[in-house]
Amino acid sequence: METRVCRLYGAKDLRVETETAQPPGPGEVLVRVGAGGICGSDLHYYQDGGFGPIRVREPIILGHEAAGTVEVVGDGVAAVRAGDLVALNPSRPCGACRFCLGGQQQHCLTMRFFGSAMRRPHEQGAFRDLIVVSEGQCVPVGAGISAGEAACAEPLSVALHAVRRAGSLSGRRVLVTGSGPIGALCIAAARHAGALEVVATDPHAAALKTAAAMGAAKTVNVPNETLEAYEADKGWFDVAFECSAAASALHAAFQVTRPGGTIVQVGVTGGLPIPANLLVGKEINLVGSHRFHEEFAVATRLISERRIDVRPLISNRFPLEEALTAFETAGDRSRAMKVQLSFAGAD
Amino acid sequence: METRVCRLYGAKDLRVETETAQPPGPGEVLVRVGAGGICGSDLHYYQDGGFGPIRVREPIILGHEAAGTVEVVGDGVAAVRAGDLVALNPSRPCGACRFCLGGQQQHCLTMRFFGSAMRRPHEQGAFRDLIVVSEGQCVPVGAGISAGEAACAEPLSVALHAVRRAGSLSGRRVLVTGSGPIGALCIAAARHAGALEVVATDPHAAALKTAAAMGAAKTVNVPNETLEAYEADKGWFDVAFECSAAASALHAAFQVTRPGGTIVQVGVTGGLPIPANLLVGKEINLVGSHRFHEEFAVATRLISERRIDVRPLISNRFPLEEALTAFETAGDRSRAMKVQLSFAGAD
Amino acid sequence: METRVCRLYGAKDLRVETETAQPPGPGEVLVRVGAGGICGSDLHYYQDGGFGPIRVREPIILGHEAAGTVEVVGDGVAAVRAGDLVALNPSRPCGACRFCLGGQQQHCLTMRFFGSAMRRPHEQGAFRDLIVVSEGQCVPVGAGISAGEAACAEPLSVALHAVRRAGSLSGRRVLVTGSGPIGALCIAAARHAGALEVVATDPHAAALKTAAAMGAAKTVNVPNETLEAYEADKGWFDVAFECSAAASALHAAFQVTRPGGTIVQVGVTGGLPIPANLLVGKEINLVGSHRFHEEFAVATRLISERRIDVRPLISNRFPLEEALTAFETAGDRSRAMKVQLSFAGAD
Amino acid sequence: METRVCRLYGAKDLRVETETAQPPGPGEVLVRVGAGGICGSDLHYYQDGGFGPIRVREPIILGHEAAGTVEVVGDGVAAVRAGDLVALNPSRPCGACRFCLGGQQQHCLTMRFFGSAMRRPHEQGAFRDLIVVSEGQCVPVGAGISAGEAACAEPLSVALHAVRRAGSLSGRRVLVTGSGPIGALCIAAARHAGALEVVATDPHAAALKTAAAMGAAKTVNVPNETLEAYEADKGWFDVAFECSAAASALHAAFQVTRPGGTIVQVGVTGGLPIPANLLVGKEINLVGSHRFHEEFAVATRLISERRIDVRPLISNRFPLEEALTAFETAGDRSRAMKVQLSFAGAD
C-alpha cells in the first residue's frame, strides 16, 4: 500500500513524499492516520532545524500527536481490531534500563519517541497516511470522538503529567503562564484535578479566549496587564505551571507564588534566569516536567468521555498536501492554537 | 552594666562602642555572650552595605550566630538559670500570621531576626558582651561544649533545614557544591541523615580539607577538577546541596543529578541562570531552603552530644576589639572557614 | 431575643427549650440559623449518650453542621453584614498550641468544636434559632444557594480533608466503602479532585442511588455483591476511602487496594481488626483523617458555585419542633441520607 | 561437587542431606556459603510448617540471609571473581511485570525469593555449602568483614526499607516496639538516618541489651515498664517501627505517636486489632513495609564500612550439622538474637 509521508530535510525544507507502507508484523498494527497535531518541537525542527543541542541531522518524518483507524492487525494482536479509532502513544521506552525499572519510563536511556531527532538514527514520526505501530501504542477511543480530538491525547498527557508533578491540586490556587496549547491543557487538567481557581496569562488575546474556554477563571493579558495584585503577603498562588519558557513569565511566577509553593516548569528552553533570592527566600519548589508515561491512557479516557473537552483547543486543520501552510499557521501564535494535519484516514 | 557592641554604620564602617545594657524584663534573660560567628550576610553588610534589595539604612549591631552564659534571669523564667551556657536562637516569628499558623514560621510576615536589615527598624544583633533575649530563645547546651561550638547551632540549623527540604537521604548519594561553612555543615548534616556518600566541591583547598573533616568521602577542587565523571547515564547524585550561589556550580549540579533528583539551593544571590532544558528534561526538583525553625533545638542537641562535631569548622577566633581583622579574615575564603568573635563571656 | 435550643440531657432525652439569646460582642455575629444537619456523632450522642470514651456528662446543645443568616454584627465586624447567608465553621482551634503553630489545627490541644462532648464543659452546638459566633466562623455563601446546601459545608470539609490525606487523585482509581453522607461526599470530592473512576459500596440500595448521583461510576451492594473482581493482580484501586467503620469493609478494602496504595480511614469506631499480612505484604498506607481546617472555606466555595452539588444528599428536612422524628429518621439508614433540621431562619 | 543442604520436610522435620551441586551456567556464580542467618520466617516454617496462608507443601531448603565466597564464575560474569566474599541477595523479581516496571520490585507478581514457600514450586534457599546464584545476586563485601556480618545484609535491607517508608528521620523521635533482630536493625538504621533519639521496647532483657548496643538511647522492658510517660499532649514520637506483631505493642505505639505521625508495621501476623479512634483522631499513618529492593546494595556497603556494626546482633553460631540445635535456640527469644548457621565456606 502506498502512503504519503511528511518529511523534513532541514530547516524550512519540508516535503510530502510517497512511499510504500510495510504490513504489520506480529504484535503490530497498521493504522490509517486521521489527524496529527503540530507541536512546538515540530515547529522548532521546521523553523530552525532543531532546538538547543537537538538538531535534525538526517531526514525525519515529524509528528507525535496522532490518532487514526486500525487498518490491519498483525498476528497475536488482541487489544484492538480493524476499524477501531485509536490514539497513538508516541513513546516506546525500552523496559529494561534502570529508569524503566524505577517507574521513570520517561527518562529511559534509549527512549524511542515518534518524530524525535534527539538520538540517531532519528525516530520517524506519525505525519503519514499509514503507520505501523506496536499493539501497546494503540489506545482505543470512545464512540463519537473525532480523530482530531483523539490526537490531543498526547499533549493532554503532557499536561496531566505536569499536574501530577505538582502534587494534589484539590482546593489550590493555580497560575498558568503561557496559554498556548500546552498551557491551555494545563488549565483544563488543573481544573479537572480540583484546582479552586486558575488564572492564565498570555500576550495574545486569542490564546486567552481559549484559556477561558478551557477553564481559566481569570485571564491576564501580559505585559499590558500584570500579576502584581497577586504579590501581596508573599504570594497568592499555591502552584504555577510555567508553559511559556519566557524569563519574564517565570520571574512573575516567582513573585506571586506563596512560600513553600511549587512552580512546574513545562515550557522548554536553554538557559533561563531565575530570581534565586525568591527561590531561596520563599522556599519555592521549581520542578521540571517531561513528557508522560501512564498518563497517556488516562488522557485518552478523559477525552473519550469528554471529561476534558479539547475541542476549543483545535484552531486549524489542513490536509497533508497543505503541510507548509499548516506549519506557517502554527507558527503564528496570534492566530493559531492547535493546528492539525488531516490524512487519508480523516473523519 | 556596661556592654560593648559591634555596630555597623555602613559599608566598611564598623565600630565597637560601649553602652549600657538593660536588665531583663519578665520572661527575659540577660546573657553574657561568649562567642559569635561571622556569617556571609554579616560579611555582605560589612563589605557592601547589604546584598540585593536588603541594605543597611541605619546603624545595626550585627551577629546572629551566638552563644553565651546566662547572667540574670527575669521574672517567671524557668527554663534556664544563671550560669547555663545557652545557644541563642536569633529567630523570633510573630506566632500569629498565616505562615506561623501554617507551620512555616521561617516565612513569618513580621519576622524579627537578629542582626537583620531586611525590615525597618533593623533588628539589632548579638555581637555584644551582654544581650537581653526572651527565654524561648535560650537553648541550654551540654557539659563540656564551648561557647564557640554552641554558636554554630545557628548555621547547623540552616544545614539541617536544607537536609529536611531534600526528603529522606538514607542511602542516597549527595553532592555539595561550595564548601564554605554552610556547605561544610550540609556535608555533616547529610552524613548524619544517612547519606551513603557525599562529594564536595570548592575552589579552595583549605575548604576542601574541612569538607573532608566534616564527612565528605571525596572532594573536587573546581575548576581544576570537574564533576564530569558523574554525568554518565543522566547523572549520579540523588541530591545536591548548592551552597556557593555560583552559576557554574549550579549548572554542574544539574549535569550530575539524576532524573527526578533534587537540588536544594542554599546559597543566596540575585539572578542565577539555570539550564532549563535539564530542569525539564530530567525533571529535576530545584528547591530553595531558607533559615530554619524547629531545627534549632535539634542542632543544639547534636552539637551538645557531639553527634555532629563542629570543631573542624571553626578556623579563627578574634576578641571583639579586633572585629575589623575578624571581618577582613572572614572575607578571605582561601584562609578562613568560620571566623568567630569572642566576648566578655568567652570560655 | 428568644431562641429555641435543641438540648440533649442524655441518651434519648432530647428537649426543645426556649431561652434568651445574648447579643453579639465585639468581633462577634448573631446568626439566625436556617438549617442544621444531623451528623453521625449527633446520632451517637442521642442514641447511646456518646461513643467510645466520649460521653455526654452534662446537658449539651447538639449540632455542628449549620448555616444561617446574619442578624446583627458586633463592633468591629467587617467580613459579613446583616442579611448575608453564611456557613458556620464549628471549629475554633486555640491558635497558640504546638499543633496550631504546626499547621495541624484539627489537633489543637484545647479545640472548641460545636456540639462536642469531648471536653468539659461541653461545647454547645448550633441546633438553635439564634447563635452568637465569632466573625471568623462565618463564611459567606453565594447567591441562589439554600441554607440547607450551605449547612453541608461542614461534612464536605471532612470529605475534602480526607481527599487531601490521600495525595493527588488525578487519574487514580478510587473505592469508597460506606455510602452514607460522608461516603457520598467523599465520592463527590474524589471526582472533583480528578479521580478517574469511583466505585462505591453500601448495604442500602437508597444510599447507592445517592452515591451514583454524587458521582460513583459503579455501585456495589454489599454483602449481596462483592468486590472480588477487583482483587486480581494484588488489587485494582489506588486509593480507598473507608467511611463505614465496618471491619468487613476495611478488610475488603485491603484486598482490592494495590501494593503501595492508600486507604483513608474516615469512619470512626473503637477497635477494628486489620489484615496485618496485607498491610505489610502490600505495603498499604492506612491513614486516618480527622475533621478539617482550611478546607471549610474551600467547601463553602465549591457549594456556592455548585461545583459540588450537595442537593442529592439532603434526604429529609424537619422543623425544630419535630427534632425527635428527625433523629429517629436519621437513624434509619435504609431511608435517610442527610437529615436536616430547619429553624427560624429557614429559607 | 558435593554439597550438604538443610531441607525442611514439614514442621519439626528438618534434615541435613547431601547431594551434588551443579556448576554455574552463563551469568551464574557458584558460591561457597559461609554463614546463613535464621530468620523469623525460617523459624515459622520449622515450628509450624508455615505462617498464615503460606504453608510448606513440598520439601524446601530454607535460608535467605546468606553470604559466602565465590568458588567458580560462569561465562560472562564480570562483576565478581573467585575468592570474593559476597552477600547474597535472595530476591529475584521478574523485571517485566507492572510492579517491576513501576519501581516496586518487592511486589513482583512472580517474585522468586530464596527459601520461600509462598508460591509453588517453592523457591529453594541458601542453607547449603554450595549454591548457584545469578551474578546480579552477588554483592561484594569489603575487606575485614566476616561472612556472618555479610549475611546480615538481608535483614538490614529490611530495616533500611522500613526506614525509607517512614520518610525523613532527620531530627525525629523514634520508637521501636519489639527488639528482636529486625527491631534491633531498625534501631541502627533509624540512628543512621539521623533519628534524634530512639526508644526501644521488648519483654526480654537480653534483647534490650542488644537494642542499647545497636543505638537505642532508652529501653523499656514491657510489660513491666510502660510507655505511658510518652502519651502526654497526644504523643511524643514522630515515628514508630512496630516489629513485634503484638497487638499490645501496636496499641501502645498508637498511644504515644503524635498526631500526623507514622507507624511503620514491620512485624507480620494475621489479624491485628487497631485502635481506629486513635488512627482517625490523631491522623496516624500506619504503613506496611515489605522486604526491600535497592536497599540490599546499600546494606552491604554499610556493613562493609561498619557504618552500621551488626556484630552485637549475632548471638549464636552453629555448624550446619547442629541445625536442629540452631533452630531450637533461635526459637528462644530470652537467649538468642540472630542465630546463624556456618557452612563449608565459613571464616
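For reference, chains read A, B, C and D in written order, and residue numbers begin at 1 within each chain.
What we mean here is this: a contact is a pair of C-beta atoms (placed from the backbone, for glycine too) under 8 Å apart; a residue touches a chain by one contact, two chains touch by 3 or more.
It should be emphasised that the depicted structure is a prediction, and the values quoted were computed from it without experimental measurement.
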Query raised in the report: Along touching chains only, what is the step distance from chain A to chain C?
Result: 1
Query raised in the report: Among the other chains, which touch chain A and chain B together?
Result: C, D
Query - Comparison of B-C and B-D (more C-beta pairs in contact) - result: B-D
Query - Interchain centroid distance [CA atoms averaged], chain B/chain C, Å - result: 46
**Report entry** Intercentroid distance (Cα basis), chain D paired with chain B, Å
**Finding:** 40
Report summary line: Residues in chain B with touches to at least two other chains are numbered 104
Query raised in the report: Along chain A, where are the residues that touch chain B in the complex?
Result: 52-53, 98-99, 104, 106-107, 109, 165, 233-234, 245, 259-260, 265-290
Requested in this report: Please name which positions on chain D make contact with chain A in the complex.
Outcome: 95-96, 100-105
Report task. Within their complex, state which residues of chain C touch chain A. Result -> 160, 163-164, 166-171, 189, 192-194, 196, 294-295, 298, 301-302
